[in-house]
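Take this structure first; my questions come after.
Going by the order they are written in, the chains are A, B, C and D; count residues from 1 in each one.
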Amino acid sequence: GQKDEIADDGKLKVAILLPGVITDQGWNTLAYNALKAMEKNLDAEIAYTENTPASDYEELFRGYANAGFDVIMGHGFEFGDAAKLVAKEFQDKYFIVTSTMISQEPNLASFVINDIEAGFVEGYIAAMLTKTGKIGTIGGMEIPPIANQQKGFLAGAKYYNPDVEVNAVYTGSFHDIAKGKNMAKAMIETGVDILTPNADETSLGVVEAAREVGVTIVAGGGSDLGEKNGDIVLLSLMQDYGRVFTLLVQSTLDGSFKAEPLVMGLAEGVTSLSSYRGNITLTTDQKVKIDTLVADLISGKVDPMDYTD
Amino acid sequence: MIYYKKNCKKRLTNDSSATIMNKQIYMLYVHVRGKGILEAEMENIKQKPVGLLILRLFPPETAWKLLIQILSVFSALLVGAVVIKLIGGSPGAAYRALLVGSMGNLKAVMETLVKATPLIFTGLSFAYAAKAGLINIGAEGQLYMGGFLATLVGSSFGWMPLIIHLPITLLAGFIGGGLWGLIIGWLKVKFGANEIITTVMFNYVAIYFISYLVTGPMIEPPGTYPQSRPITDTAILPRFFQGSRLHWGFIVALLCVFLFWFFFRKLKVGYESRVVGSNFEAAKYAGMKPAKVMILIMFIAGGMGGLAGANEILGIQGKLFQGFSPGYGFDGIAVALVGMNSPFGIILGGILFGALRSGGNMMQMIAKVPISTIYIIQSLVIIFVIAGQMITLENRRKLLAIFRRNNGSE
Amino acid sequence: MSINILEMKNITKTFPGGVIANKNINLKLRKGEVHTLLGENGAGKSTIMNILSGLYSPDSGNILINEKPVSLNSPKDAIKYGIGMVYQHFQLIPELSVVENVILGIKQRREPFLDIKGSADRILEYSNKYNMGIDPCAMVWQLSVGQQQWVEIIKALYRGARILVLDEPTAVLIPQEIDQLFNMIRQFTAADFSVIFISHKINEVKEISDRITILRKGQKVNTVETSEVSKPELAEMMVGREVLFKAYKKKAVPGVPALVLDKIEADNSKGLQALKIVSLAVKKGEILGIAGVDGNGQSELVEVIMGLRKSTSGSVKVMDKDVTNAHPREILDCSVGHIPEDRRVSGLMLEMNLRENLILHDYHTVPHSKFLLNWKFIKEHAEKLIEDYDIRTPNSDVLAGKLSGGNQQKLILARELHGNPDILVAMHATRGLDVGAIEYVHKNIIAQRDAGAAILYVSTEIDELLNISDRIAVIHSGEIMGIVNPDNVTIKELGLMMAGSKKDTLL
Amino acid sequence: MEVSNTILQIISSFIEADLRVAAPILIAAIGLLYMEKAGVVNIGAEGTMLIGALAGSIGAYLFQNPWMGALVAALAGGLVGVMFAYLVVTVKANQIVAGIAINILALGGTTTVNRIFFGLNASSSDIPSFTKVAIPLLSEIPVIGSLFNQLGLAYLAILMVPFTYYLMKKTTIGLSIRSVGEHPESADTAGINVFRIRYGTIIIGSMIIGVAGAYLSVGLLSFFSENMVSGRGYIALASVIFGKWNAFGVLGATLLFGFGDALQIRMQAIGSAIPYQFLLMLPYLLTVAAWSGFVGKAVAPKASGKPYFKG
């Protein structure tokens, strides 16, 4: 009876590989919460690996598969290659990778929550609210979800007002909060009055800087930054990874799993706007404009790609 | 110990075909007892080829150190068990996972070796410099630069046959890291720039540089992902078996350990390096060129770091991207120092830390021990091992005295 | 009848590694006496004094001060009981000033603040009282070795020492300074201080001490009244055999000049001129002694010859080959041997073993190496040298740092002399060695001379130079004051030249 | 007029930013300076800061007072110091490895404790943090006025520079520390307890480094996050060497690094065309360049990194 940890007791077993720590209040926390949701909603047994070193992606996929996990997920495009490799070896297990567009029959799927679209909304709102005509977005590192968000941000801002000045920078770190704060302060000094952070923990530094000076945050990055920082965050563009995960895992149970990449966003209700909070009150007119934009994006009347270069 | 003594003595005296294992334990025992006591018996053993081999591998000092190190690791794990218990885990399950994950079966053993491979390289990187009196904290940066150049060469020239392309690519990795280290040596010799500072700074520079490359000039078309084009098949380090990641890089690492031994033992410049490290003035007096030696050593040390990077890219990852090293460069320092900068020690140190890494994965996966606890255990191992090394030097006699008294012998 | 101010009873000390440095040693010190410890290198003199100063703790034995047992667990305790130690290897910190060195560890008047000014005044008082000429604000690295010795003595007095221990103080002093030191010692004893004095120089010992305790191989041989023993008796008690005081040497048969310095000038490390138009020629088969007070350009002279320091003008020729400012390797390869100034600083790799130390100059030559190092040969050769040069060690695996000072010097001799170099540059080759060891070194160097080597022999010991050299050049402030024949020069004349008088002005 | 005003404002904010970046590094570097002067190299400053950061946030939370946070951080740092001192002074272990062990231990330990204590979703609202203290009058001065509107701890950091300088130069304890760093055996023979000095400087220094960590978690920010130190400990160590083991030199070195970082951030903020990675390299390159260009051979305490073996 020494093998009870890995014995198959018929329970659904789901594991996820995370590039960072579950406390980053961003990318990894989102996934962790999604996992927790599955534990509750699907009565699944869950496991996760934090700070997964690149050298171990492959081995960990394999390890979880060997340990009897039914669905193994990699949270980030960087897990794609390793997943492809291991998925071949374990045809009876399901593999899911996020923020990439890969797939492999019969058991590897991926999904992206449309970052360009989310960035577009953020940029649009920021451009609408700025009094100085200068807005900024602060990313962690130049990786696809963030680069795409910045691309969308620029497009959205220009869509609202071609003359608005947009500053897009990277801190080079997802956890150096102090750097985020310093970066934000420097931006504020150049006249930026609406900031959109998208850098996990480092975002918290941006929030602190904004709070000190009293500028407004329109949060990117998918989690609801305003939940704890309602005083300064006007709204967050939320990305519901939990829902997508649950959906996909459920599909493995009922046999509807499709080995294909998924793109989801506002239209699917996976991307949504949080409630308005923060230090400024929107006029009805502004609210209407935002609602219109969202509706147009959903209906396809506005396509962010038309405004990017 | 008493047990060993009785058993081994019996076996050895009345059974000339004692197994290697028995002899090893016996040798260990002889060494613990102290040199000289059983010299006659040692002579006896030397007569036999196997005995000689063991004596070569474990000269008395080494055997004693090894024993202490093993005890240290066990003590660390013991304290680690308390930590696991404190955070509400099950030490039994955790260590079972550690054991299974690191050497529970052939595959696990191979995985441990996979992880040991880059650590051996970075351990060598630190050890080369240390032997010449330099402290190289820069293996991490050298690793990235080696990875970069290896990728550059490995993702082009796909028309070459493997037999040519792979060695050239490895060489590129060596040179990439080597040049990065060479700059450190040059700054030291030319400006007296302290290598601890420059290597720490250069780590950051290298990491940002790689980040720039893979999001800019080296990005894989069409530019969706921040990673380089894949290494062509002709530059991939072949794997030994289907289903295991153990690849030829491990052999290259062992070869480099041999070359390390060869460099310092057989080459004139190796001797010069040790003289420079041990007494810089004497090196000048003897007509050596310490500045050149230092630059050369930093080039080689950097090269070893570079090979660690090349090894990861060509053996495991197949492409260059940000953060592809989980701190192998820093672990290498511990590997070298735990291995006391000796060839054999570096291999063992690499395997020890490799085992902690692969077993650690299993601890996370199965025993659900968080990664943070694994870090704690890792640091405990380092602390106990370095503390244990001092016992070797300082208290050996005292311990021996107690040991003898308890044994009632002599 | 004077009382025993100090008594050491049955002191035993074993070092890790098993060396028994002191075995049941008993020592009594009377108030107001000068008591000498005499013994070979490694006899255990420094060890027992280090025990007295609280630096080492003995394995067994008692120490009584004023007939009361005390326990000396640290130098602090020893200082408390009025024991002032001047260590064989100075314990001054070069990077600090004289005052800072002296007041180190002493409670200050305005604690926690340093009282630099007040302390400097007191130091100046001592300096004047004993005629030391110390500038309290100078940095220690700026001082000559002799002055450093004075600072050590001030340090001890400043801490209220009543028992002063001087471990081989004269090894680094010039004759005038030795006289000065002896005057100080007499002043101390006149004030009822007691002095323990360690030296290898039997003349001095006879001159200054009241009683002598002889140690051999860690054990006490005897304690005698100075007036009751002769010099040869002392030497024999110390070494255990008869010792020749005068090196036996045939008349030199000088050949052609082998090492020629022509109008050499050079700067020291601080950029000041250290050598002024030095011209010298050392012939084959002769020993040219260089006399002078430490720090008068000897180090720079040797460094220029060995290619370790650039000369600013002039030329150096070795066997007619111009090697001015050549790389050291090129010079060494011209069959030049070099016994460096300080064996521990530049002579040896203390953490490397004996064979690795022995090949320092030869490792790149056949048969030590062709393409690869030939350890088999190296080992055999090393073992032969160890035997030939009587280096006391179990085997060549031992680390050089573990040898006693005398054996370390022999190791260097073996390395530098075994190839019979045409030219030998030796500096302080016998510093700190006992009479037996000195005899040995001299014998070897003279043998090299007789084999035709040209030898430049730098020393601060006038006796030694008179004994061994065929000619003596005196250097002062980087200038050669003159070259004299040891057979018709007096110690006084040499002393004057060393103090800066030109030879011609003496005559 | 308008233009020159903005320029002044930029310079002013630049100075402020420089100090903001430099302050935590400065505090840590001063802490390191104490032990470095006594001949101890501590690469574990990174981990010690991290532990200080966590302890600081816990202390501030429990006592609802940032100063208590700093105090708890100091105590925690001191505890790490005791361990480090035991390893390198008593056991005489290699200082570099001991430091590395502390860094790994800190990484694991703080994560574990943080999650036990704050759970997975730390929130800044519960942790009180330091606020800026404007010095009357001085803070009104144009351009450099921002220098006088800093966190209380920042003033403390600045004050520690002359304090440390004079302590080292003018007091008996300073002299003892220097002598131990230069030549422990001589210090010993002069009646100084080398072990006590090394233990003392390591523990005091580690306490200061702990406070440097708290500066991050209850000063600059108001919460703890795993790995928030992000290399500042290494930079502090480099600053000590770069500052030639002199308190004012260390101040200069940290300001230079802060300058590089502030410059880098501003260049990004105004939308420089240079890839951001090169801008991020700037402070590190600046440090190396300054070292090579101006500093030359440094004069480390002679016994730096060497354990003291007593006979």
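The rule is simple: contacts are C-beta pairs under 8 Å (C-beta built on N, C-alpha and C of every residue); 3 or more make two chains touch, one makes a residue touch a chain.
In this text the structure is predicted, and so the values were computed from the model without any measurement.
**Q** Please state whether B-D or C-D has more C-beta contact pairs across its interface.
**A** Result of the comparison of B-D and C-D: B-D.
**Q** Please report how many Å separate the Cα centroid of subunit B from that of subunit D, as a whole number.
**A** Those two chain centres are 32 Å apart.
**Q** Return the distance between the CA-based centres of subunit A and subunit C, expressed in whole Å.
**A** 75
**Q** Any idea how many Å lie between the Cα centroids of subunit C and subunit D?
**A** Subunit C and subunit D have C-alpha centres separated by 46 Å.
**Q** Measuring centre to centre with CA averages, how many angstrom lie between subunit A and subunit D?
**A** 35
**Q** For subunit C, jot down the residues that touch at least 2 other chains.
**A** Residues of subunit C touching two or more partner chains: there are none.
**Q** Two or more other chains touching the same residue: where does that happen in subunit B?
**A** 208, 211, 215, 370-371, 394 - these are the residues of subunit B that touch more than one other chain.
**Q** Quick one: which residues in subunit D touch 2 or more of the other chains?
**A** Subunit D, residues with two or more chain partners: 111, 115, 277, 280.
**Q** Which pairs of chains touch each other in this structure?
**A** Contact pairs between chains: A-B, A-D, B-C, B-D, C-D.
**Q** Can you list the subunit D residues touching subunit B in their complex?
**A** Within the complex, subunit D contacts subunit B at residues 41, 43, 87, 91-94, 96-98, 100-105, 107-112, 115-116, 231, 234-235, 237-238, 241-242, 275, 277-278, 280-281, 284-285, 287-288, 291-293, 295-298, 300.
**Q** For subunit B, which residues count as touching subunit C in their complex?
**A** The touching residues are 265-268, 271-272, 274-275, 278-279, 281-282, 284-289, 394, 397.
**Q** Where on subunit D is subunit C touching in the complex?
**A** Residue positions touching the partner: 170-176, 178-179, 182-183, 185-193, 299, 302, 310-311.
**Q** Give the list of subunit B residues in touch with subunit D in this complex.
**A** Touching subunit D from subunit B are residues 87, 135, 137, 187, 190-194, 196-198, 200-202, 204-205, 208-209, 211-212, 215-216, 330, 333-334, 337-338, 370-380, 382-383, 386-387, 389-390, 394.
**Q** Taking the complex as given, what residues does subunit A use to touch subunit B?
**A** Per the stated touch rule, the residues are 2, 5-6, 15, 47, 49-51, 53-56, 58-60, 63-64, 67, 77-78, 81, 89, 100, 141-144, 147, 172.
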